[in-house]
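In the two complexes below, chain A is the common chain; its partner is chain B in one and chain C in the other.
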Partner chain A sequence: MIFELLGVPPQALFGQLLLGLINGAFYALLSLGLAVIFGLMNVINFTHGAQYMMGAFASWMLLQYAGIPYWGALVLAPIIIGATGVIIERLMISRLYHLDHLYGLLLTFGLALIIEGLFRQQYGSSGLPYANPIPGGTNLGFMFLPWYRGWVVVFSLVVCLATWFMIEKTKLGSYLRAATERPDLVQAFGINVPRMITLTYGFGVALAALAGVLAAPIYSVNPIMGANLIIVVFAVVVIGGMGSIMGAIITGFALGIIEGLTKVFYPEASNTVIFVIMAIVLMIRPQGLFGTPK
Partner chain B sequence: MRLTLKLATAGAALLVSAGMAQAEYSDGTIKIGVLNDQSGTYADLSGQGSVWAARKAVEDFCKTTTCGKIEVVFADHQNKPDIGSNVARQWFDVDKVDVIVDVPTSSVALAVNTIAKDKNKVFLNSGAATSDLTGKACSPNTVHWTYDTWALANGTGNAIVKTGGDSWFFLTADYAFGHALERDTEAVVVKSGGKVVGKVRHPFPAQDFSSFLLQAQASKAKIIGLANAGADTTNAIKQAAEFGIVQGGQNLAGLLVFITDVHALGLKTAQGLIFTEAWYWDQNDANRAFAKEFGAANKGNMPTMVQAGVYSAVTHYLKAVHEMKSDADGAAVVAKMKSMPTEDKLFGKGSIRKDGRKIHDMYLFEVKKPEESKGAWDYYKQRAVIPAAEAFRPEAEGDCPLVK
Partner chain C sequence: MSEPLLSVRDVHAWYGESHILHGMSFDVNPGEVVTLLGRNGAGKTTTMRAIMGMVGNRKGSIKHQGTELIKLKSNHIAREGIAYCPEERGIFASLNVWENLTLPPRVKKDGGLSIERIYELFPNLKERTSSQGTKLSGGEQQMLAIARILRTGARLLLLDEPTEGLAPVIVQQIGSTIRALREQGFTILLVEQNFRFAATVADRHYVVEHGQVIDMIPNASLEANREKLKTYLGV
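Let's look at the complex of A and B:
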């Protein structure tokens, strides 16, 4: 059979597919936030990885200093970090809208370095402990599935689809999309476009923070956790098509799976496979798999 | 105004006297360059803590000896060999640095090792692990101070195989260090009658280990050997707990674990881990006193063996240079260091072999259970002392050209 040809027993393959899907959930959630911010504001948000890290730190701080457990942090951390996003947008990013994308990219990249530096200064680089809120798991026959990973994949999927629905199918979403195309016209209809854009940024940041909270119990909570991830997530967004909401979600999950399979067949390449795919996609379809050519 | 003038005069006088005291040293100054990770995954275990330790060694040395001008500088190599090499060349060629210390990350250490030899300077390594530094890559200009992959493998591997852990699966960081640690551990396991049933090499640094852990689980090996370090090790241990690896009857062997890693994991997750280290802050009064001062200057953190090793290495270097009254010829300084027995308050008495290996006792530690810990940073129980004579790879087995 095909499994024997590949030299991997089918059970192991199913296990790796499922794990890939779980990692894909993180990619999807993070690339979704980036896609929302780029799609509706035309800002390439390089602070995203730092904001993901801030989400993880916020949940640690809520537990450490206020005794608020994971489930509270799941709600509070995205709100708090989203609010910091609103401040950053108002104070800094909003001044760059009339300039080229590159300026926003440089500003947010610089911000990410500063934020990571500050956290490292305060908390060191080796990380902080954060306990798993739902330990244990179930044996699926082909693998042991920790409850927490199951929760992550289901919850991320729900959040992703809800975001897609809100932007593509609701009246609020139609205002947002209209404001991207013709801000002057939407403003003339009496809608406060700058405020809407500010809140959009806050929402995108909150999604990054949410991913950070989800990551805290399984990954080391440290100041550089986002720096390692952000490049991969950017590749995901580019493959999916800059600004495409559904593209970001589908590509996130799909690349998680592809990366997972690479970890079985040729683990040494598992951190490059996504970039190889990105290069191929850019050559064949520069607008990305789900993007529309401009 | 008058005060400023006085200070300036005093300063000038000091400079003059300093200049006269050590006119023998190249450019009148001993310049110590601490090159390590200042911002990445190894910054807590080396980083500014190592800079502090080097400065402390200078300060303590100058309490009992008349010193000339000794300067400590530092730089971030970002765990990248190209960046580390550039800094090393710049330091040796332009900035008149006489000795480079610390340098964690084996790939960077091997690069600096070659440069120090080419330029005939001194390289005192505390942070890196690869036993190749005193094996096939050994150099008359290098001393490998604190630990190495062979010593870790020998201490931890032996102890685990003896207690029944005779089949191993390796999770290996895919670069010089991981490969060396895996190779040395595999040799110990096979020699003591165990076998290696599989291995997987993961990118460095990695975040998600679930896929690799699943492969390890499927291998049915009794022991999963973590041939990695820093955040890679803590992430792997954290996720192994999540996937019920230990409940499933398999055990983890952290082959290189620092106290900062245990701190990052928390005792609840780290308890029961067994590993080998060269130094622990709570072993004796001298260590505790050093750790207390270190903590006061470093946000309450306790020093790692790497940072303690920097202190010890710099101390011995200063002794040798002081006796020779010259720091100009790197190979001669290292030869002098090898000819003198080592002694300092943190590592006690020891020696340096012909191949550049510093010899001292190593210790097998076990991480305490949360209820056994009496306070912050009270993490280790000592399980065994590995005597200096047995702790490191025998000189003849290292293939070091200096020995033949």
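Let's look at the complex of A and C:
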């Protein structure tokens, strides 16, 4: 058997692969949102991690204060947090478009610190539990598959592919792609580009919040959950290349799996493998694996 | 004489600190083909962009069918029934030919050409619908850039140097397209450097210099004014 050759029990291997897939699902959802926002707005949305955390908190609050269960939160939390994104874009980010991109980055970074600070102030940083909405699982023979984790992987993949389809294959997507190239011309054809940008930001933020809702039952709900994750997600984005939709999805899942495998075969490197890959990619292909050179 | 379709009065425009249009004034009557002739940097493109609302800082008056456009955003100006074909063509690389062709939304219910009619005017495009927009030849891209604004129902077309850099046979084809569009009642404001070409399609010519109209020459008296025009254009 190959497992004996590798000296790794199959349970451990597949267990880590599943964990890798789960992480990959979060990387993919989050880097997809970043790619959508960056593509149209040229803003690197540093608030993304905080918005992911807000999604998790929104589902916790919906349950705690309104008795709305997970499945309701899955729909409502992205809408609510997406709406806060719309407000942030209208009130703040839109004032910076005529300035260098660096200002958008600084603004969104500052916002992330403020939001995380406020949540830590209110809820501490020890984390709040969120019950698993689909407990149990099934024994696949070579491993045990918890239902909820399977759901997260499948649902994330569906959301990612639906987003890809929307952008690459629909009329609305053709407006988005065209406005990414020449917003002034698209607007001169009669399309309200500023509104499209606002809604796109809201959509990217909603994707982050959706990832947060999915994460709540797996990790606890914690004000700093986004800050930890987003650093890795930015590395994923750098590896995949900013602005490529399919690139963000594939890179997200692939790096999750690579990270999981590293945990099996060389655990010491599992926390750094993504950053090592990032450094190598930056040296060999600075525009990222799926990016086009500027 | 009927009311002009487009009436530009004392328009000034700035890019940042640089003052580019210095009191542009001219009229375009319904059904006319009118050109803006002038040297490089005279302000022809800026005039078109000012009409379309694509220059941030502008003042004066631009009326289309009596509606004042000077304060409107460019998406609202397009909805008034004006369409713009930019000098650099603006074909989108991330869209295929079909997506490029159908990108501009309908701005008026009536008055747009059907896809079939557009393919009659530009048969090359029909063969290439799934090609990437920027994979077309320069001439085909120019045709695509014109074709996509014919569907929208806009009846005033702004064409910025559609013959620039194209082979003579393509220039002829664009010339006959412009005449065909005029037959169909489109009104066209055309920027040209090549006044020999302009003479084959237009009713009147405005000469632009330093962001102002300095002369107007009806096409019928172009020959008589040939020397004067050559001096204006420096050719």
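Just so it is clear, the second predicted complex is superposed on the first by the 282 of 294 C-alpha atoms of A that agree within 3 Å, B and C clash if a C-alpha of one lies under 4 Å from a C-alpha of the other, contacts with A are read in each partner's own complex, and residues count from 1 in each chain.
Rule of thumb we're sticking to: a contact is a pair of C-beta atoms (placed from the backbone, for glycine too) under 8 Å apart; a residue touches a chain by one contact, two chains touch by 3 or more.
From a predicted model like this one, the values you see are computed outputs, not experimental measurements.
A.B. asks: Applying the touch criterion given at the start, work out whether A:94 contacts chain B, chain C, both or neither, answering first, second, both or neither.
C.D. replies: In the superposition, A:94 touches no partner, neither chain B nor chain C.
A.B. asks: What is the contact status of A:42 with respect to chain B (first) and chain C (second): first, second, both, or neither?
C.D. replies: neither
A.B. asks: Count the residues of chain A touched by chain B and by chain C, then name the partner with the higher count.
C.D. replies: B
A.B. asks: A:177 contacts which: chain B (first), chain C (second), both, neither?
C.D. replies: So A:177 only meets chain C here.
A.B. asks: Quick one: is A:287 in contact with chain B, with chain C, with both, or with neither? Answer first, second, both or neither.
C.D. replies: After superposition on chain A, A:287 lies in contact with neither partner.
A.B. asks: For A:129, using the defined touch cut-off, is the partner it touches chain B, chain C, both, or neither? Pick first, second, both or neither.
C.D. replies: The answer is first: A:129 touches chain B but not chain C.
A.B. asks: Please indicate which partner A:193 is in contact with in the superposed arrangement: first for chain B, second for chain C, both, or neither.
C.D. replies: second
A.B. asks: Looking at the overlay, does A:137 come into contact with chain B only (first), chain C only (second), both, or neither?
C.D. replies: first
A.B. asks: So which positions on chain A get touched by both chain B and chain C?
C.D. replies: none
A.B. asks: Help me check something: in the complex, which residues belonging to chain A touch chain B?
C.D. replies: Result: residues 9, 12, 15-16, 19-20, 22-23, 117, 120, 124-129, 131-132, 135-137, 143-144, 146, 148-149, 217-220, 222, 224-225, 228-229, 260, 263-264, 267-268, 270-271 of chain A touch chain B.
A.B. asks: Can you check the complex and tell me which residues of chain C touch chain A?
C.D. replies: 52-54, 73-75, 77-79, 83-84, 86, 90, 92-95, 99, 102-105, 107, 149, 152
A.B. asks: State the interface residues of chain A toward chain C in the complex, per the touch definition above.
C.D. replies: 171, 174-175, 177-178, 180-182, 184-193
A.B. asks: Which stretch or stretches of chain B touch chain A in the complex?
C.D. replies: Residue positions touching the partner: 37, 39-45, 47, 174, 200-203, 205-208, 210-212, 214-215, 217-218, 230-231, 234-235, 238-239, 241-244, 248, 260-261, 263-266, 268-269, 299, 301.
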